Amino acid sequence: MDLKAYRDIAWNGIWKQNTGVVQILGLCPILAISTSIVNAVSLGLATILVMAMSNLVIAALRNFIPYEIRIPVFILIIAALTTVVDLAFNAYLHELYLVLGIFIPLIVTNCIVLARVEAFAAKNEPIGSTIDGIAMGIGLTLVLAVLGAIRELIGSGTLLSGIEMLFPGAEAIHVFGDDYPGFLIAILPPGAFFALGCLIAGRNWLEARKLARARMNPPAITDTPAEA
Amino acid sequence: MLRKLFKFHGGVKPQTNKTQSTTAAIAAVPLPDRLVIPLHQAVGGHPRPLVQPGEHVLKGQRIGGADGNLSSAVHASTSGIVRDVAQAVMPHTSGLTTLSVIIEPDGEDRWCELEKVNYRSTPPDELRDFLRDAGVVGLGGAVFPSYAKLKPGKEGKLKTLVINGAECEPFITCDDMLMRERASDMLKGIVAMRYMLQAEEVLIGIEDNKPEAVASVQAAIRASGETGIEAVAIPTRYPAGGAKQLIRVLTGIEVPHGRRSTDFGVQCFNVGTAFSIFEALEHGRPLISRLVTVAGNVTAPRNYDVLIGTPMDHLVRLAGPRPDTDRYIMGGPMMGVRMPGFDVPVVKATNCVLVGSPALFPAPPPEMPCIRCGECAKACPADLAPFEMYWFSRSKNFGKAQEYHLFDCIECGCCSFVCPSHIPLVDYFRFSKSEIWSREREKESSDGARDRFEFKNFRQEREKQEKAEKLAAKAAATREKVATEGAATPAAADGEAAPKPKPSATDAKRALIEAAMEKARQQKAQVAPKNTDHLAPDVEADIAAIDARRNAAPARAADTPDA
Amino acid sequence: MNNSPFVRKAASVQSVMLQVLLALVPAIAAYVWFFGAGILVQLAIASAAALAGEAAMLAIRGKPKALFLTDLSAVVTAWLIALTFPPIAPWWLTVTGTLLAVVVVKQLYGGLGQNPFNPAMAAFCLMIVAYPALMSQWPAAGQLDFKTQLDLIFGGLRQVDAITGATPLDALRTALRSAASPDSQLHGLRTNQLMDGPAFGLLGGKGSEWIALGYLVGGLWLIRQRIITWHIPAAFCGALFASALLLWGMRPDAFASPLFHLASGGAMLGAFFILTDPVSGATTPRGKLLFAAGAAIFTYVIRSFGAFPDGVAFATLLMNILVPLIDMKTQAPVFGHKKD
Amino acid sequence: MTSYLFVILGAVLVNNVVLVRILGLCPFMGVSKKLETAVGMGAATTFVLTLGCGTSYLVDHYALMPAGVEYLRTLAFIVIIAAIVQVTELVIQKTSPMLHQVLGIYLPLITTNCAVLGIPLLNVALHHDLLESLLFGFGSSVGFSLALVLFAGIRERLDGADVPVPFKGTAIAMVTAGLMSLAFMGFAGLDKFH
Amino acid sequence: MSETTALGLSARTGSVMVAFTVIFTAVMAFTYGATKTQIEASATEEKMKLISEVLPATAYDNVLLDDVITVGPTRELGLDDGGHIYRARKAGQPAALLLEATAPDGYSGRIELIVAVRADGGVSGVRAVTHRETPGLGDYIDPKKDKNKKSPWITQFAELKAADLPRCKLTKDGGQIAYHTGATISARAVTQAVARAAGYAAANHDRLFAAPSGDKL
Amino acid sequence: MITALLVMTGIALVLGAVLGFASIKFKVEGDPLVEKIDAILPQTQCGQCGFPGCRPYATAIADGEAEINQCPPGGEEGIRKLADLLGREFKPLSEEHGVEKPKSVAVIDEATCIGCTLCIQACPVDAIVGAAKQLHTIVAAECTGCELCLAPCPVDCITMEAITETVDTWKWRYPVVEIKAA
């Protein structure tokens, strides 16, 4: 595998096969934890960690895993790694740990983790797999962050509230001032669905526009004649 | 006359516009210059032409023979010269053409030899054949060959024969006028039908907006002295004349879609059909004319006795069309079909030529989305949910549309009539139905293709095996031969070589052809793919025809190189 | 060129919607009479917002604006929003709600006729969840003059605590709950004693019971005009009455009477104008009965035990979810397939 | 007795797994295009989840807690569930191949249905006893199936709607799920008496 | 490996499964061991943070979390399943009681509180630990959600002296605790719970302090 | 640590054994899905999908080795049906496999045909009849329009002709929606 292949894997994870808005997998944390940017990104980072590690480990061990019990073994590995991350959060980011609640253990059942392990790590070598895991995780985190930002902004008019849990002393930004009445729906489950729906539609729209543009002016032929 | 009547669900009450065309008596139509008689006029097979261009025909002479199991003959409407047997535009929305006989009348209007039967003594089976050859088909709109409907159900007899004089469509009055003026003849036709069907009772249903017709028919019944025949006035509500609705109103029986009404002990005929049966049996006259209402955008709406094949514009001219006329509609405003031109011929199905104009039948306002108000469902006489069928037809989800009983729809148009969103619902249903039918045809042909593909694979497999065996045998034989005869002519295996064509032509095509022919010759020894077994008879007939044509043409293929 | 039928009944979506608007007039008149003209301002704000939102979406989607703006369906939605929101809701609340209804709940689904959820009720639910305080503050009849109402509507965020209270439904429920609790001073009081306050009238809230009568009159007229059928109103009222009777019969001290339930909150509006929305409601006769009865039961449960003062809006949305299945399962047998 | 009823009702309606707790969304979005498949998926999930809740309770109480290794809970639960799923998959594949094909990739993905792990974990957090665990599992999965089937009903109809192009498909389905979730908020507070 | 009998395969898959399980359980067990103390410390810190909000650290000098007794179901505290009471002492003398209490009648169900009652009978502070009051309406009982960040509603209780206790009621009900109109129920539930808890603390003061640590009353 | 290992090992042992057992006990063969897919494919047998006929393509789809949008004769309609059957997302026809064309049938110019039988061998559905050195004819009703006979014909006597509509095959058109942007 060369650099280009890695780049493709990365691009694939972040945009083309983005878990949240294209594959429509891994939705629960995306919807449940995206009430604020800080929560969203923290869970995203935890997920990246788990995905990278599990892809790496499974790609490395893939030849030892019998087909019939691959799923339980994959899950075993993912669960173990998730527990490790869970324990780490509990120990070192306790406040955040309380906020994220059962969604850290639930990384285990985040469809996307297992889906990537099945679809990619079980068939590819470790480095590529790790990159795939990270890229998919970043894709997920991006969606989480954008959703978190939208919901936090509309819902309470702030950005980065709760940042003090990560960086003590830092403060949230009150974008609309203190008088903003807040649109609570944004923070509640319906708001999560609406926001993700709009995000998906937005991506569809961008892709459609890109396609339409490409149709209108087909890519110029780049190779210049040798004689010239 | 206290018969209990039943109600059918739905229905609408459009403005009837019937009085205009009933003021004058039925009129005759002068012979046109040309009659165009389509051979395919009724449900069923396409009749074959029995005449050649240039031939002289007499009025009533058969020009199209019934073909296959369900078909009905076609006759010359007047005497004259057959100008052509050719494709002509037919009175159908599609504007497609169909094989038609074009007759130039000689003005004599001379009947051919007419054969009569005594319908009281002839066995019903013979009567049916007679009616088929007389071209009698249903004149109520469906043009279904009547002989096929004149069979009683399994029990050999029928409870009720329903005669449809409802004429629920606005504007149309041909049945009304028929009943007023020719009730007693019609009644004789009904008696004949009753005999053939062994019907216990006969109910003639007439909408109560035609009191004269009811009176006239009742008088005729009284005069005839027949018992068990009753003319019943039924409430005026479109589509009371739909066979199922009329049966429901008169007997309370609902005949489900896909079932024969005779299974339920009823059968339904139009009054016009009864009259033409009378004509055929009593006078031996085949169905060559019918009553047609000309109404709508004309100064003098009226009913005419019209020869089949008369161009519509010839007919309409008599009634004085107004200058803003922009279309003819065959049938009424609810179910009629827009004609592709003004000169299409009157056919057996033409009960009315409705002359249209933008003012009389304005284009509907723009179609809005369905608001699921349910008006259409309230109006649907088939108890359907048109808006659901529409929803799925629109998104081409035909499976779902069928789940909502698309094929129970009788295309009466009530739903479109009432829809506040002005949705052409019936058009969606027609579209869906024809898509589904076309898909079924495709499915059939693809299933056939699969079978033939699989058979071919099987055959090739077998041939390969046989060939391998043959080759092995031949190789053995050759070896033996070589061993015994020494190095004699090994090429003889190719068989007796054809005379080599001279390489005189220089073009590449020629060379290619030769190479191919050479190859073909060589292959012939090994494989002889005949592919002529398992052919359907019609295909064989086709091939025979083609071969005949080929033989007729000067021998070409093999000769060309030398030519 | 069109095909048959070539004739059509004179009916249009516009005339249907117009008649619905007309049917709302008696209730609006009662509203103005008892609560002042502020409601007219709300109706205007909502209508303007609805038309603007609809126009914007139609423009974006390249649909004919003139045709769809004049179909008046957006105005019906707007009026129903205005009538269900508190009359002193700040303008931005009404505007946000209406825009959400028209843009998200209606136009995102393709506009008129395609939305599975009732736009007006979705707006109400969204807003009561987001701004419960603003959405549950109702003035008592005759309490506020027009000027104060205008100030409240256009005055931005304000302190309304002093002048308004909860709706009669909410007030009675709160009181009943206290009455049922042994710790409370209200303990042991009967429903009719609890309804002694100035907010209550003969049957329901003072004034609002007359508005409910207005809805009833308008609704009956709609039935006569054959715009709606009797099924939904009858089933809704019947089922609401029955559920209320059941519990009230058992514990008159802890539950409100059936008539109170019928005369209060959005019951009449819901029965005749909201659940009857043809687009998002059930369409078969049997389906309509089920749909409305279900809505009534949900309404009653939410009113009596839930967290929201009135349940009509949530009940409507909940039953909207069920509509596809109800419609599918209650199709009437077609011609010839009836069991006689 | 009534408290058990409340456990079920609460799990089905008030705290619907999908619409309120936001668990199990991937299959909710993925298998709701057709009513038939939705029903099948609902049934499969109900079976797995109920069984999973019971088994995980037993393992938690009779293996993990006595040994003092509660931190193995996630691992132990998910492995149990995965095994149940795989056995179920094999059985369905054998007995109903069509259902198997239709449920396609979603059967193994029941394992990664958050609800399937989330509910047993919630059982622990809410200190449910064995019966309550079973009822809670059953109620939650019925809630899941209910939401899924209703959602599928709406989506089948939405197929024919003239939805703006960027919103066609998943996006409008999300908006619909949002409105369903809003509607289910109407049940808020109904479980407070229990 | 030639025979794939059911038993053979089961044994093989089983053993692979076991191998993986052993390895990864070991990984977890190792992590657990490594983080155990830190986790406990974090949990303690978390608790202490909450406690410090209702009772200043200067008010006591004992190890508060270790000086605890459990109580069974107690109506005054609204505890159906029992709960904990922590005892703060300064120089060996009773300083304050930290009671877990529940307001059962919140708008959306139970509100769990922690109430600190000084030895003199006054309230030192109250915090809502868990609640489900309507966001944006009733949730001002939680200082994190209260719009008034400077002096959240719940800090009113910190000013209650023993003598004020009879006035621990909403102003609407004739007391001195202010509330937000339109969301009386939440405020009333908390206020009544606090009053009951303070009353309970006063009534059982001696008994509660006297009981040996870890005891169950 | 030891207890943890013991507990998990126990669980793993039991589950591993159960699974291994089940996977043998419930082994399945055969795939009814292929039939269903094959029934949707148009049976043109043209090979444009990249497989030697419709059934091989059906098998490939069932095995997840082929996309559902590779069959041009089946067109958008076919893809929709496949998507429906398999619960996959609809995709437009893959351009590399060709474009949807109107249905047509092959016609042999009787004057030019030399009877070489090459077309007979090429036709996958036996729609061409005739013996060696005799002239060949295409049975229009059986021709699927796959164009496979065009290339082998040495004299280029086969042409494709679009099928014309007759009264029996005429279809009602989709009602024109008259709403236009104002």
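Read from first to last, the chains carry the letters A, B, C, D, E and F; within each, the first residue is number 1.
By definition in this document, a residue touches a chain if its C-beta (ideal position, glycine included) is under 8 Å from a C-beta of that chain, and two chains touch if they have at least 3 such contacts.
Model, not experiment: these values are computed from the prediction.
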Chains touching both chain A and chain D: C, E, F
Identifier of the chain whose CA centre is least distant from the whole-structure CA centre: D
Which of B-F and C-D has more C-beta pairs touching across its chains: B-F
Greatest separation from chain D - chain, by CA centre: B
Farthest chain (mean CA position) relative to chain F: E
Distance from the mean Cα position of chain C to that of chain B, given in whole angstrom: 55
Distance from the mean Cα position of chain F to that of chain C, given in whole angstrom: 53
Whole-Å gap separating chain C and chain E, where each centre is the average of the chain's CA atoms: 42
Per-residue overlap in chain C, given as positions that touch at least 2 other chains: 64, 67, 104, 110-111, 114, 126, 129-131, 307
In chain B, residues with contacts to at least two other chains: 366, 368-369, 424, 427, 430
Residues of chain E engaged with two or more neighbouring chains: 9, 12-13, 16-17, 20-21, 24-25, 28-29, 32, 107-108, 136
Of all residues in chain F, those that touch chain A in their complex: 12, 15-16, 19-20, 23
Chain B-touching residues of chain F, taken from the complex the two chains share: 38, 41-45, 53-54, 110-118, 120-121, 123-133, 135, 137, 139, 141-142, 144, 154-155, 165-167, 169-175, 177-179
Of all residues in chain C, those that touch chain A in their complex: 96, 104, 126, 129-131, 157
Sites on chain A touched by chain D in the complex: 24-28, 31-32, 71-72, 75-76, 79-80, 82-83, 86-87, 102, 105-106, 108-111, 113-115, 118, 185, 188-194, 196-198, 200-202, 204-205, 208
Residues on chain F engaged by chain E in the complex (per definition of touch): 1, 4-5, 8-9, 11-13, 15-21, 23-25
